[in-house]
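Each chain carries a letter (A, B, C, D, E, F, G and H) given by its place in the written order, and its residues are counted from 1.
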Amino acid sequence: MDASSLRALIEEVAAGRCPPDDAVRQLRRLPYSDLGFARVDHHRDLRLGMPEAVYGPGKTPEHCAAVVEELLSATDGPVLLTRATEAQVKAVTAGAAALGVGPPAVSGSGDLATVVFRPAPSRAGAVVVVTAGTADLPVATECTAVLGALGFVPTQLTDCGVAGLHRLLAELDTLAMADAIVVIAGMEGALASVVGGLTPAPVIAVPTSTGYGAALEGVTALLAMLSACSSGITVVGIDNGYGAACAIARLLP
Amino acid sequence: MDASSLRALIEEVAAGRCPPDDAVRQLRRLPYSDLGFARVDHHRDLRLGMPEAVYGPGKTPEHCAAVVEELLSATDGPVLLTRATEAQVKAVTAGAAALGVGPPAVSGSGDLATVVFRPAPSRAGAVVVVTAGTADLPVATECTAVLGALGFVPTQLTDCGVAGLHRLLAELDTLAMADAIVVIAGMEGALASVVGGLTPAPVIAVPTSTGYGAALEGVTALLAMLSACSSGITVVGIDNGYGAACAIARLLP
Amino acid sequence: MDASSLRALIEEVAAGRCPPDDAVRQLRRLPYSDLGFARVDHHRDLRLGMPEAVYGPGKTPEHCAAVVEELLSATDGPVLLTRATEAQVKAVTAGAAALGVGPPAVSGSGDLATVVFRPAPSRAGAVVVVTAGTADLPVATECTAVLGALGFVPTQLTDCGVAGLHRLLAELDTLAMADAIVVIAGMEGALASVVGGLTPAPVIAVPTSTGYGAALEGVTALLAMLSACSSGITVVGIDNGYGAACAIARLLP
Amino acid sequence: MDASSLRALIEEVAAGRCPPDDAVRQLRRLPYSDLGFARVDHHRDLRLGMPEAVYGPGKTPEHCAAVVEELLSATDGPVLLTRATEAQVKAVTAGAAALGVGPPAVSGSGDLATVVFRPAPSRAGAVVVVTAGTADLPVATECTAVLGALGFVPTQLTDCGVAGLHRLLAELDTLAMADAIVVIAGMEGALASVVGGLTPAPVIAVPTSTGYGAALEGVTALLAMLSACSSGITVVGIDNGYGAACAIARLLP
Amino acid sequence: MDASSLRALIEEVAAGRCPPDDAVRQLRRLPYSDLGFARVDHHRDLRLGMPEAVYGPGKTPEHCAAVVEELLSATDGPVLLTRATEAQVKAVTAGAAALGVGPPAVSGSGDLATVVFRPAPSRAGAVVVVTAGTADLPVATECTAVLGALGFVPTQLTDCGVAGLHRLLAELDTLAMADAIVVIAGMEGALASVVGGLTPAPVIAVPTSTGYGAALEGVTALLAMLSACSSGITVVGIDNGYGAACAIARLLP
Amino acid sequence: MDASSLRALIEEVAAGRCPPDDAVRQLRRLPYSDLGFARVDHHRDLRLGMPEAVYGPGKTPEHCAAVVEELLSATDGPVLLTRATEAQVKAVTAGAAALGVGPPAVSGSGDLATVVFRPAPSRAGAVVVVTAGTADLPVATECTAVLGALGFVPTQLTDCGVAGLHRLLAELDTLAMADAIVVIAGMEGALASVVGGLTPAPVIAVPTSTGYGAALEGVTALLAMLSACSSGITVVGIDNGYGAACAIARLLP
Amino acid sequence: MDASSLRALIEEVAAGRCPPDDAVRQLRRLPYSDLGFARVDHHRDLRLGMPEAVYGPGKTPEHCAAVVEELLSATDGPVLLTRATEAQVKAVTAGAAALGVGPPAVSGSGDLATVVFRPAPSRAGAVVVVTAGTADLPVATECTAVLGALGFVPTQLTDCGVAGLHRLLAELDTLAMADAIVVIAGMEGALASVVGGLTPAPVIAVPTSTGYGAALEGVTALLAMLSACSSGITVVGIDNGYGAACAIARLLP
Amino acid sequence: MDASSLRALIEEVAAGRCPPDDAVRQLRRLPYSDLGFARVDHHRDLRLGMPEAVYGPGKTPEHCAAVVEELLSATDGPVLLTRATEAQVKAVTAGAAALGVGPPAVSGSGDLATVVFRPAPSRAGAVVVVTAGTADLPVATECTAVLGALGFVPTQLTDCGVAGLHRLLAELDTLAMADAIVVIAGMEGALASVVGGLTPAPVIAVPTSTGYGAALEGVTALLAMLSACSSGITVVGIDNGYGAACAIARLLP
């Protein structure tokens, strides 16, 4: 129920065509219908900001295809499948084809692919995605693919870890022009602190599970980023490239 | 806005006394008013089930008194202040007196008192609160005080730890007649497993921060209770005697 | 030895048919025979409350079949095999057939099946099982299968996570009519807090290992549920759908 | 050395007034002078975005006063002292007075005060600071004081925890109009997930050390917020109200 | 009820002096009476093996005195109060005097004293208590005081940490003659591994909370001792000198 | 160099047949030769107490065979291979056959077998190995196999978990006659506390990695056993059946 | 840009051949060019101290080959591939051959090989690598292979764990002559403490993930080494044989 | 017994003045006497490398004075008291005066002072101690005081945290000339990674407990430093400035 159908109902009552009892019964459901309102608003907002996304792991290819098809039918914005296997990619591609939706953009290797149908139209905002090492690339790839689905055209700076500081400093101009920066790093995650000290732009840090032993599957980078001595850095979950892209969509509307 | 005022509004519209536009404006707020409905319902349920409670730590005596006075004025059910200092007890007692509410029941020592105003009328349900050792008594005292505020008259079995199993087994009849059992234990928390194996009644386990070193401030007991080999035991947070009493109120309505 | 066989023995002694020495020898075992009493009572209670259950992992198909057959022979209530592989399912089905017991109900996929022989007769009590996301379904399936074995007919509400609050609020009526609610959620487990704030019914929270990185294999959801700001929520172990069902059986006798 | 003084030096050389050797010596330091450039730029950016701030704990009142005086002299933007004791507040106030700087705004109680000298001029951007409970207020106070120093006029919504969802839903309009939202919550931190699901605005979550036992001094809320099922939420460190304010400054420039 | 009173009851029935119904009623309680048997046996064993002990922390001096007096009256073996404050020591000493029990032996400083009434008579068994550093002495003192209460005359080797291996090796003869060895060490707890490699005697390792930072309040030593490369070392809880002494009593009966 | 060769050397010097310089050079090595003494003594002790053992994991079958053959040649006591794969079992059996040593006793399934060559002659001491559940059997099997290699004939009580206390209480006599008890339990490890409360014998607790979720791969049982409320229980590492057997050998010499 | 080209530029300006604007533009880049200076210096230092190294895991054989080839072309010092699979070894060997670089030295088994091209010329410095057990050998092999690539000829002492102290003490002379010692140990890592107490040389401790259960995948050894009672021991990450070798290169230049 | 007294003994035997039996008895003790040798050697090494040090916490002033006096009497090298209270400083100063030893150098505030008697003569080696923030100064002060006691004259660079990278880069020359660098940082500890990437010198990282919340009392910095992406960095325990100084003494002999 949206604002106009609410008015319609009230007018029915005013016109004596709807008995008060019936209206009460309908309106009693209103909190939820009203939150149905909210749902519609929410959806509109989501379409502007965040794509509909399906998380692949633990779903059968058939399950993935069904959900993707439903989203492709019910909305007309971008639809994503993240962390998809090759079989899942095949299934959703076929399912989409049956709906007349062309083949998706598939990023990443077959066992960790991000699949994008109907990417959003181009959108303002200079987003830079910086990674510390080549091992962080899968997370960065997920992040840039989702950013692309959202309409951004991110600049990707790879292998800028602080062990060779000059690699990062050579890109100071790129950092300086960014409206928002995603820093993706594993091991000790120091790159976030350093980038945060070089720019006043929003910095979203993504700890990765890169590294072994004391890197504790990303927990070390996570804690380090949360404790960064540069003020105002914010952090998303370990390996959560998707979440970082969504955070960008929130802050560059 | 409750069901009858909703009907009143609709009838105003039906009678032509309220223009549809006004009604829409009011009803547009309905989700929240309706959740105001829900609030009223919720409050009613809460009055039947859980007391209004104020958590003392971190509040000044004045702050405590103000919140308690508000609750005493706005509702007519039981009002609690938990983990209160002596100064807080004094402040709320004085504040209540100013409202004409008599002195509360105060359980526990002055620096960890549970304060109960207007306890609920007596209520069916045999609740047994079992503690492993004397060090668990402060948590048990909080639990029984809150149970009392809710109208229960719990039986308290103290010092029944499994190191001397006969102490517990001597109380098998008491356990057998219980409608619900709260097991309060620190250290390794084994009492929950043993009680759970002796009775089909609901068992709510409260880990306490009793013990030192490897007891890890209650984390060991918590993990042990969550891993209990007796099926169907449920657990609340460390030292959370208040929460266990509320859980009892949920399951013995 | 139950109450009547105890009386029989005493009467044998009274009648001079059993020499005191023999009775002493038998009765000396009484504590344990008496706990044999307890065992019988316990079993009766268990039959009313909790099914005999075998945990599949780490057992060979033959081992599973042997234990299941013993339980099927020794009792006449429900018998469960949880987290069973396809081979285990086959083995216990064949073993049961040899005893003249018909094929079990098998829920879940082949590698995480819950197998139920001789479900209990239907039983009162409106149980609602709410899940936050589709990834929590395997745990929910285990829970509802065990509830079914116990005689309950649970209502399952899926995909009600708090990220889209309207999905949950649309089911307020279902929640309001529940005698007990199982909330199954991974990631941050916030659904338990929200449900706990909407209903006075007992809420049993099951953290799941859904999520990655900072979800810490369910530890995050576990801690969050134990720290829920809604009072009186109780928690079982991570992914422990079976335990939640048993807890329901304890509180809805 | 800034761009114009660099040009001046070069022109001196071109004019023969500065011997090449001298210029080389000066320019040899240029990487650092140049980073001195960057420092100046950085400072300007910081003045626009983040205030100069001194962290009180572990510093003597004299030490605090000295650093604050230096910052007041060297810059003309806002200067902050966070988590200050009463003695520290006194010392910096006196020190500032000696420099002719008027008394600072002091927020919070004496043992956890945020002290602001020369707040920035008013600045666009609707920032909403939502707290779950009254125990989270000290962190919220630090956050709003720092936001105020930065020129923001934040709206503060207190006590909106998800245990009573209607309290939050009653403020949907306020949330909907926000350019950015800071969610401050302890215990299980579920408020961040719920707010994140209700608005497309950037949500910065601050876990607090509120709660006891299983709340693990804020670690539970931290992990829960990082695992939030609502996409695109970002997180700062435990109790870091200052950091959240700085993050707002980064994203609402 | 012990074996002879059980026989007496049975004979009463056989003689027709006790109606079967009465006997059933009495015997029905037998499991617990029988475990009352066990209690008596247990107590006797405990008197031979482990002293009655009261844990001081969290108890008022009056509470301590009451429990100690009860134990002094009910038994005639040793009675201990561990981790006692000066006020607690005074209270129990006065209480005991009122019962005609002379002043206890008090070991350790006033705020961590072990108090022993009526130590057991001397007992065979060469026990060696080795400590790594002087900071481990309080735990060692508790251990040797409890050993003394149990009748042992332990040899104490202090400051034998592995950083100066010769200090330990100089005591090889003492170690070789030991019937059991308690190794008390904090920091990395390596002393347990080294002692375990030098002797076939039972080695009970006590991790202490000595050390800072990465010693994690004793957790590091605990984990290290549990992972010791020398086979057959067993471990008690952190700082648990009392527990180690009790373990000695179990294995040197 | 042993005592007699030391004497021989000294006599050589006394007889003038060995120049002092040579003796000094030889004796300078004495600390290590002397610790060679210790090595011999140590070995003798080890033969009496602990078998030579090879830990299978991470070694190739050839490597295992080589080490086992060396031990079979160099000593004449028992030799063990623990946690052996089928291929390792085959390799060491063949290698031993080549040395004329007959086939070993192999316990456990092929992928977690304990292999014993030349078990020690029978040895006094009643050892009871109690397990909580069938899932703990692999650890128990390792423990009893090693005990057997050491000459013990342990009694094994299986499936005595505290969820069905009667199962344990039915074995009170067996426990009472034990000289030492090994308690093997996963999940919450409560069995150790209960057994420790029923007997004054030494109790060695082995936490197992049985259980899932909050059982934390055995850490929960480990912490619980270390925090057991029954005094004097000692603990070995998670799943360390071998270590428990060695600890028995230390205390029942 | 190095010092002489900087002078050249300045002289161009002084001579009027370079307009000030152009110089400003070039010099504005100087911080990064200057850090390009640093890069060159850094590289030279690295060539003297640490080899160019590629971390194998997560890279395809083709990726490995490409990076190795680039390094072989761009530098003329040693190039390493660590933790390489057999396929990776093949690919880089072939790739190098195509560049005319001979086959590398390959250490360790096929699935954890260290591959060294063009090892550095021999270098002074007696390095001893001590391991506690045979299970630590893979880490030791990586360490010695990298040391070899750096020009060191390390002495390897294997199986010197403290459970048999004489094995280590027999090597006191070797330890005494070392310029630096790497201690590699898992389980409780006590070897580092003991070695640190026996020698004044620098001791670099490498915790390994050897052991199970309470060894916590190397965390126990890590914490123990950081808490070592012998002063001045330093530690690298778990299983980080490569890092230890690099640390040696830093301190024995 | 040292080398010459060993020779004397042997010559006594050779001369027939010492019966072989007596010599055997004396030499049988040799391993320990010989390790007494080692002790002497060790002590000499220690005197060259590491000072005798007493750790203040947990010791009474009298205890401190006694140990310090013993060390001052028994040796003639430097003697340290670390983490001393004002009372401890007074006591040891008085005690030393009684021995004719002049007043010590006292660094740091009264409640965390490092006290140095008889510092070692000046010693080669350029040591740089870099700290990230002013809060790290107490650890740095301890480190430099111990370095001073050892004869080093360290250069201290304070407040060089990576949030303002230019502060560190301005000191590149100082870093370049260092023979060894100690990096002291809390929070996320990123400074170690950055310094490690700028210099080939040995870098010893000291994590500090600076920071709050997610800094986890130094654990975050510790883990980050162990996971540093710059190769060859080594780490000591949290806040262990003393240990870092000793590590320097090991590597700059």
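Going forward, a residue touches a chain if its C-beta (ideal position, glycine included) is under 8 Å from a C-beta of that chain, and two chains touch if they have at least 3 such contacts.
This structure is a prediction, so every number in the text was calculated from the model and none was measured.
Engineer: Stepping chain to touching chain, what's the minimum from subunit F to subunit H?
Structural biologist: Steps on the shortest route: 1.
Engineer: Strictly by the touch rule at the top, which chains does subunit B share as contacts with subunit D?
Structural biologist: Shared contacts of subunit B and subunit D: A, C.
Engineer: Where subunit C and subunit E touch, do the two copies share over half of their residue numbers, giving same, or under half, giving different?
Structural biologist: same
Engineer: Check A-B against G-H and say which one is joined by more contacting C-beta pairs.
Structural biologist: G-H
Engineer: Could you please state the distance in Å, as a whole number, between where the Cα atoms of subunit C are centred and where those of subunit F are centred?
Structural biologist: 38
Engineer: From the mean C-alpha coordinate of subunit C to that of subunit G, what's the distance rounded to whole Å?
Structural biologist: Distance between chain centres, rounded to whole Å: 54 Å.
Engineer: Quick check on subunit D: which residues sit in contact with 2+ other chains?
Structural biologist: In subunit D, the residues touching two or more other chains are 31-32, 35, 38, 42, 164-165, 172, 197-198, 213-215, 222, 226-227, 231, 237-238.
Engineer: Just spell out which pairs of chains touch, all of them.
Structural biologist: A-B, A-C, A-D, A-G, A-H, B-C, B-D, B-E, B-F, C-D, C-E, C-F, D-G, D-H, E-F, E-G, E-H, F-G, F-H, G-H
Engineer: Please output the residues of subunit B touching subunit C within their complex, sorted ascending.
Structural biologist: It is residues 38, 42, 45-46, 48-50, 53, 172, 180, 197-204, 222, 226-227, 231-238, 242-243, 245-251, 253 of subunit B that touch subunit C.
Engineer: Which stretch or stretches of subunit B touch subunit D in the complex?
Structural biologist: So the residues of subunit B touching subunit D come out as 31-32, 35-36, 38-39, 42, 55, 57-59, 63, 207, 209, 217-218, 222, 237-240.
Engineer: Going by the contact rule set out above, which residues of subunit E touch subunit G in the complex?
Structural biologist: Listed in rising order, the residues are 132-133, 161-165, 187-190, 193-194, 196-198, 211, 213-216, 219-221, 223-231.
Engineer: Using the touch rule from the top, collect the residues of subunit F that touch subunit H in their complex.
Structural biologist: Subunit F reaches subunit H through residues 3, 6-7, 10-11, 13-14, 16, 19-20, 23-24, 27-28, 30-31, 34-35, 37-38.
Engineer: Hey, which residues of subunit F end up touching subunit C in the complex?
Structural biologist: 134-135, 164-166, 169-170, 172, 210, 212-215
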